[in-house]
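As structure tokens, the structure follows; a few thoughts come after it.
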Amino acid sequence: MKPRHFLSPLDWSSEELVSLAQTALTYKACGRGRLLDAPDLSGQLMGLLFFNPSVRTRLSSEAAMARLGGQASALAAGTQTWQFEDREGVTMDEDTQEHVKELGPVLSQICDGIGIRKAEKMSGGSQAGQAGASWEELSKDRFLHALADNAQVPVVNLESNAFHPCQGLADMATLLELTGGKPQGKRYVLTWAWHPKALPVATPHSQLLAAADLGMRITVARPEGYGLCPEVMGAAAARCAARGGSLEESADPLGALDDAIVVCAKSWGRLDSYGLPVEQASPAADLRPDWRVDETKMARTANAHFMHCLPIRRNVIATDGVLDSERCAVVQQAGNRLWSAVSIFARLLG
Amino acid sequence: MKPRHFLSPLDWSSEELVSLAQTALTYKACGRGRLLDAPDLSGQLMGLLFFNPSVRTRLSSEAAMARLGGQASALAAGTQTWQFEDREGVTMDEDTQEHVKELGPVLSQICDGIGIRKAEKMSGGSQAGQAGASWEELSKDRFLHALADNAQVPVVNLESNAFHPCQGLADMATLLELTGGKPQGKRYVLTWAWHPKALPVATPHSQLLAAADLGMRITVARPEGYGLCPEVMGAAAARCAARGGSLEESADPLGALDDAIVVCAKSWGRLDSYGLPVEQASPAADLRPDWRVDETKMARTANAHFMHCLPIRRNVIATDGVLDSERCAVVQQAGNRLWSAVSIFARLLG
Amino acid sequence: MKPRHFLSPLDWSSEELVSLAQTALTYKACGRGRLLDAPDLSGQLMGLLFFNPSVRTRLSSEAAMARLGGQASALAAGTQTWQFEDREGVTMDEDTQEHVKELGPVLSQICDGIGIRKAEKMSGGSQAGQAGASWEELSKDRFLHALADNAQVPVVNLESNAFHPCQGLADMATLLELTGGKPQGKRYVLTWAWHPKALPVATPHSQLLAAADLGMRITVARPEGYGLCPEVMGAAAARCAARGGSLEESADPLGALDDAIVVCAKSWGRLDSYGLPVEQASPAADLRPDWRVDETKMARTANAHFMHCLPIRRNVIATDGVLDSERCAVVQQAGNRLWSAVSIFARLLG
């Protein structure tokens, strides 16, 4: 029997995801230390493959396993491991040393669950963050799906090109908290922000779907040309409508904020910038002033909470004033990464 | 009192190793999660020093400790640690910062067991994998033995130049499974395969000894000049004969397979290639076609199972057809790495 | 309520530190495995940020958490994570990606404790170890304190520019052992040693304060110009005097050793060498012969025990004869790193 994976929010129904988020908040109420009213994962090991840097995702995965009595092991894929192959039928006489057809089953023998972060354009420090191919190609998340297809244990997507579903679930839990459990029909703005490098779209895709699954009244505010993936927008609109919400887009960074009760900022690169050199892919500098979230902008809202997935570049994405205000929910949101991971792991491995 | 180490299969009797492999299979029958009928290693930490990349060895060591209630910590030696020295009497005013005479006792104070992978010619991705010295010199595994001599807790060899005894034990457990517990006198072929880089001999040494300790009828098939270490061959022949088996060599990649019930493929470099630059050390290209395991070759056998330690370069070492067939046991074999590690750790640390 | 941190020995009273060291020795008496008469940290995760290499500190932190039922996760900060910022009000459009104002609260949400090693001049292998600024600037340990100020869980300093308080506590426990629990008024010599690179002063500062808190009769022996930080010397003198001891300095590497019952060797760079290029910062070669600890020097002492924090360059800092003698306590001292960590974590997280 194939295990259930957590690869894309679109593989799970809105009801299932909301239930996972609610369960996350139930666990959160239990406080620190070992969770007693949760599945016992003692003796179990979650293997985590990181092709990109991570703080929140890695630590929240490890802490989640600890809370459940299990353990996790994070491997820096590519440096501490072999180079992996996912193409069918290839003669592996060049750089790759291990095929996902072996990797998946082997990890399934040794580990009780697998986490994987593999995203182009994601970079730490002075790393380039250049995507090696077009969005059309990368959005298939070929390696992730090949790994999952070849695994006999649950695979959790810790961020791919298309989605960051653990972040999405943490955002959903946070939105439930911020709305007192009644998000339906409330106004949520996902606003693009300027950033020196073109960033991936996995996180805004997942954040958008989280608000959609809650039936919020959503506006995606972004410059012309920065639209999210049409397939994801379509899915979000359908899921949102089915839950009593709505989805629209706006290119007006200020007007889009009217009546918002939540403003979630995020930078991302143009879809047609995938595959371009870093310099050409980077957002145009003239977008910078209009798309930063500052106190003036927040004053347009209905006393909105401010959300961001972190890490955030202060005074670039949002000002100190916004981040240090009482309405800033970014730490709460990051903390919910832990409880979302607990909820997912308990569901899949328990 | 000196602790018992797991450094070389030659330090353990055939009977002891077979018993360890049988115990591994007993643990395997218990399934996932914490092992209840095993020594309780809770509160214990196994310190793992990796001078080379690892997937299976690291994760299986960590999962084994988790199964037994303990924990493991993997250090990337050399980058996350100091540079280590093992020469006697040296004045350490150059690159090395810590002597194994301190390292061994200190790790013994802090950890409950030590694992170490330190092998030349072992490389990940585009790394060179050049051996810094001759086989005669490297086969002494000087650092490994100096560490063990200076340790007051058990030291486990996670692959050295000469041996990979954890892999050997996993292969032994797999051979027991594949032969229904009756390996004696059955035909086992360890066949060399071409690989773009010269690989270490530690694994074939240990695989050979595993089959020898089971008293199988062994053929080592390899091109002229690619013989394994004569001392190891001699030890294998003696141990094999004592258990009712036999050992021969063949340079015929096809004929060697007749009547085989197990074909274990592995590439390795010539012993006289140690110390040569990577290009000169690499196997000659004209050996490539004859020494790949394909369906035609497997058809010569007595419906043999196919084994390989992984990672394996598909369509270089063996074809997709072989690897995707029902008789391919490589995933089972890799899975037995976990249970072998459980057996070793339970024995040494329990 | 702000949590109690373990950042500097000067934040804790002599009595508190001695009590922590005594508790460490009590835990040590319990032997290997899970500690039963200690706080239960099961389900808890300590997040460890390492900006520098580590063996003892990392493994002792991980083993300490294991002994207490918890877990630890070590992140190689900067390579496996984002680049962090600690300056107030900066516009983060350059290399840094995450501000400590987010990092501290977020780690506090996900982890139950935070450890951090961030020290300039500390380097592994062939790394440079150049300090980026003056001692006056670096001694403020700005990042460490910003992280702690922004954390809602205990932060443990795993070595900063100014202090290495976990090492200090281990030294204190060792001094209690070596003096049969009666260190007061006994003669302790902290002697400088030559080293090819200028090393940080955090460890000698902490070692000095450990002896001071025990009320020992202390001599700091060092060449002219190599005095430790005046503020730390002043604090050590005051704490020492209050406990019945004394503190003096000497530039005589031989005479300083008379009557010593403990000789603790350590190299460090001149305070005015911080910020200089590595070559200019390195200790002058003509200091090398006089400042190495050898058997002749040890013969001047009152049969003193030899201590060093490790790693130690053999025959540079001290001779093989000294390190291999019965009076050498460096392994015992390193082993006490584990029990000190247990004591600190049990106190702060329990």
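Think of it as A, B and C in the order they're written, each chain with its own count starting at 1.
As a convention for this text, a residue touches a chain if its C-beta (ideal position, glycine included) is under 8 Å from a C-beta of that chain, and two chains touch if they have at least 3 such contacts.
Predicted model only: the values in this text are computed from it and were never measured.
Homomeric contact chain A/chain B is classed as different-residue, with under half of its interface positions used by both copies. Its C-alpha atoms superposed on chain C, chain A is turned by 120 degrees; the angle is given in steps of 5. Chain A and chain B have centres, each the mean of its CA atoms, that are 39 Å apart. Touching two or more other chains at once are residues 71 of chain C.
Of all residues in chain C, only 41-45, 47, 70-71, 73, 75, 78-83, 85, 89-99, 101-103, 105-107, 109-112 touch chain A in the complex they form. Residues 32-35, 50, 53-56, 58-60, 62-63, 66-67, 69, 71, 74, 76, 124-126, 196, 310-316, 320, 323-324, 330-332, 334-335, 337-338 of chain A are the ones touching chain C in the complex.
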